[in-house]
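You will see two complexes here that share subunit A, one where it goes with subunit B and one where it goes with subunit C.
Entry: the complex of A and B
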């Protein structure tokens, strides 16, 4: 058990070191610079995917509105900085809080019901948000979008890369703290057996709402980072298509694992960028990939690896002497 | 001895079917009450009414004199009623120790910011949880399985784990719905021993059971239900010689 933890820790450290050193090489060539930008966006979607994982993977509630929440976050920081005149560094936390609050308001009525209704409500919400930003050009800035002026410290590409990386690490640390705690265990209990959770004093409604609100906080963060990286926001960021992409990142990477959503988001975002030439056809490949993953690795790539590890461990313990075989 | 649970004229209808019909009984603190009756007699429905999964159409349910009628399950649990389910309910995909830890959540107060920033409260409660998990692992005899997935341990151990989860929150009253259902005769003994230990620890127990032999030696009082109606109540020997009970059971319990 301890060995496994250390292995995960080393793996995370190696990834982090790679992510930290990579720009030093990428910066040297123009192709590398381009890849650095792609990587920056990939990490932003990794933040969004990690946030979705909290409510989807750990609590079992399928949110189909993360595109909307990322969009709300992106517009919120841009409008706060540009039109309201709030300092960027203040607008950043305010954006996260605002997005969390919107999520809280959406969760309040929709968690009163059980089953697939939450997925339907959130998808509808996303469609409404998208339509609103498409049509209310006074809010969204229409085709030109809403620009955002960045503080001097974030004017460079390299600075923005490290900025996003830092927030990805913070997001993962926070998610890790939550899921390893009794609060995270309560989330998992709802995913696993809602009736039993209630019977041991856990209000499923409260914990779903909590998980969703925290998830939206980080979706808002992803939105703020997106606005920061692109310097301009238009209504396409609020599209429900993003909700599905983020969902697919989580499912393919592995639900209820820390690394899954990150690897899913970074890997697939890069892959999609590489096959850009295929235009819309690349999404067909997406569909095929998704089906293959769900059939062969229902818990995603990282989940699949964990299953293999558990299977090996169970076999080892089954062979060990003194083990009682009953039932 | 005082009365801990009071079921007072409780009725539950499902459409035209009266599943529980004006049932009254009380449970003495520190005792074991057996709830028996043929299939469909309304025993599990009664547990669901006490536990808050269903809301009674009529009647009141009181715990230590406090009216808890119609409370949602999570509030009933926090008030001190632990329970198990007929189809053994566990957090199947989670390890045994985490199953137990979740049962202790209601006794902890750490909220999300506590756990994110690892405040002293979060750390103190984490220790408390670990300690309580160890206690209950030992009490239920599940220490050997502590890091196995709950769904992968033997059936009889799963039954004990379900009781352990309910014990984590230190309930005053424990409702056990067929704790030995689907378990072989040899292993039934281990569960009976556990139920006795629970009572010795000062926890009142209500148990639904089919196996008459098991019930006779374990409980202090019996309540017999048939078609949602209470047909007999009293000490086990007395109840067993009751003609109405003999009829409901086709003479099975004449001992």
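Entry: the complex of A and C
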């Protein structure tokens, strides 16, 4: 058990070191600079995917409103900084809290439904938000969108890269801490058997709402980071298509694993950018891939790898029973 | 007053379309426990098929109707066989996610082939005067067509052996298979019927608006709203809910705002769920 933990820890450390060193090489060429921007956005979607993972992977509730929450986060930081005149560093936490509060309010009626119907209700909410930002130009800034002025410290793309990376690491650490806590155990119990957890005194409604609110907090963070990276927000960020994409990142990467959503988001976002030339047809493969994953590997890429490793370990220990005790 | 009556008629016509979509969904849900979220995209494919048949190939509109129905029925059977059957017995959310993959694939494929909206000419290009306001004949065709379909469906489920087998499976899947009903065949049949219903809705509605790859998105959400509001698996609820939503939407557009016309249905859903989670007619919770 200890060996496995250390292996995961080393793997995470290696990934983090790569992410930290990579820009030093990318800085040198113009193509590299472009890729650095792509990676910055990819990591923002990784934050969004990790936030969805909390409610989808660990609590089993498929929220299809994360596009709306990312959009609300992006707009609220831009409007706070630009129109209200709040300092950026104060607006950032306020944005997360505001998005979490909106999530709490939406969770109240939505969690009266379950399974696919919860997904549909949240999707309906996303459509409402999208329609509002599309049509209410006073709020959304219309076609031109809402610009945001960044503090001097974040004016360089290298700074923004590390800024986003830092928040991705923080998000993952918080999600890890929650999942390991007693609250996370309650989430998991709802995931595996809602009726039974109610029977042993876990209020499923309350914990689902908690999981959802925390998830929205980080979706708001992803939105704020998106506004920071792009410098301008328009209504397309609130589209429900983003909800679908984030869902796909989580599922293909692997639900209920820490690394899955990150690898899914970064990998797929980068890949989609690579095959830009295919236009719309890229997403056809996306859809088919999603069906294949859910039919054959419902635990995603990382989940599948874990399964494989457990299977190999079981085979080894079956062959030499003494080894497991010794190791 | 005549304006009001006119809007109600338009509402009934919109409601006819919603009802046909919701009927398919509620049949599939009631019998198979599947939330068929790609149903709106089957409708969209139906509208494009009508465009191919009647505009590109020059086939008569009324001949294109059964052709589209048959083609969609086949598509429905394929969807059931390739996407949903492998997922039978897994958590219902898996089926739902597979449906999202399916709709994404269908929509982007169509958009990749033909990005711009297309139109189909109206078969009966005339208007009649109702209480001094003019009304397109096509709207009346939609209303009557939906009623005919409704009666046919009612007759099929209550009077034919296959229909009774479907009803039996809706009540108890294991019991039905114990008395010799082939579950796979009934699943395929249910999808065929529901998709053919979507085909009728698409062919009747398509001449009234433009055909776009996105047209199924909001429609499927509204149909699901109707199914939830009407009570899951309830045919009566789907019919009543369809007409109610159509009329509310038409009146909302006429008297409140046309910009936010798509929001009414979803706001209504959130309000109704907050008050009565089982829907207006059903006992089952939306689980």
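Of note:
Quick note on the criterion: the second predicted complex is superposed on the first by the 311 of 327 C-alpha atoms of A that agree within 3 Å, B and C clash if a C-alpha of one lies under 4 Å from a C-alpha of the other, contacts with A are read in each partner's own complex, and residues count from 1 in each chain.
Following the convention adopted for this analysis, contacts are C-beta pairs under 8 Å (C-beta built on N, C-alpha and C of every residue); 3 or more make two chains touch, one makes a residue touch a chain.
Note that this is a predicted model, so its numbers are computed, not measured.
After overlaying the two complexes on the shared chain, residue contacts for A:203 are found with subunit B alone; subunit C is out of touch. Shared-chain residue A:193: touches subunit B; no touch with subunit C. In the overlay built on the shared chain, the residue A:185 is in contact with subunit B alone; subunit C does not reach it. Of the two partner chains, neither subunit B nor subunit C is touched by A:48. Greater residue coverage of subunit A by touch, when subunit B is weighed against subunit C, goes to C. In the superposition on chain A, A:262 makes contact with neither subunit B nor subunit C. By the touch criterion stated above, A:96 is placed in contact with neither subunit B nor subunit C. With both structures placed on the common chain, the touch criterion links A:214 to subunit B but leaves subunit C unconnected.
Looking at subunit A, you'll find no residue that touches subunit B in one structure and subunit C in the other. Partner subunit C is touched in their complex by these residues of subunit A: 60, 62, 108-110, 112-121, 123-125, 127-128, 131-132, 135, 244, 247-248, 251, 279-284, 286-291, 294-295, 298.
For subunit C in complex with subunit A, the touching residues are 35, 37, 83, 86-87, 90-98, 100-106, 108-109, 111-112, 115, 218, 221, 224-225, 228, 232, 259-260, 262-263, 265-267, 269-271, 273-274, 277, 285-287.
Here subunit B touches subunit A in the complex through residues 51-53, 72-75, 77-78, 82-83, 85, 89-94, 98, 101-106, 108, 110-112, 115-118, 122, 125-126, 129, 144, 147-149, 152, 154-157, 165-166, 168-169, 187, going by the rule given at the top. Those residues of subunit A lying in contact with subunit B across their complex are 1, 174, 177-178, 181-186, 188-189, 192-193, 195-204, 210, 214, 310, 314, 317, 324, 326-327.
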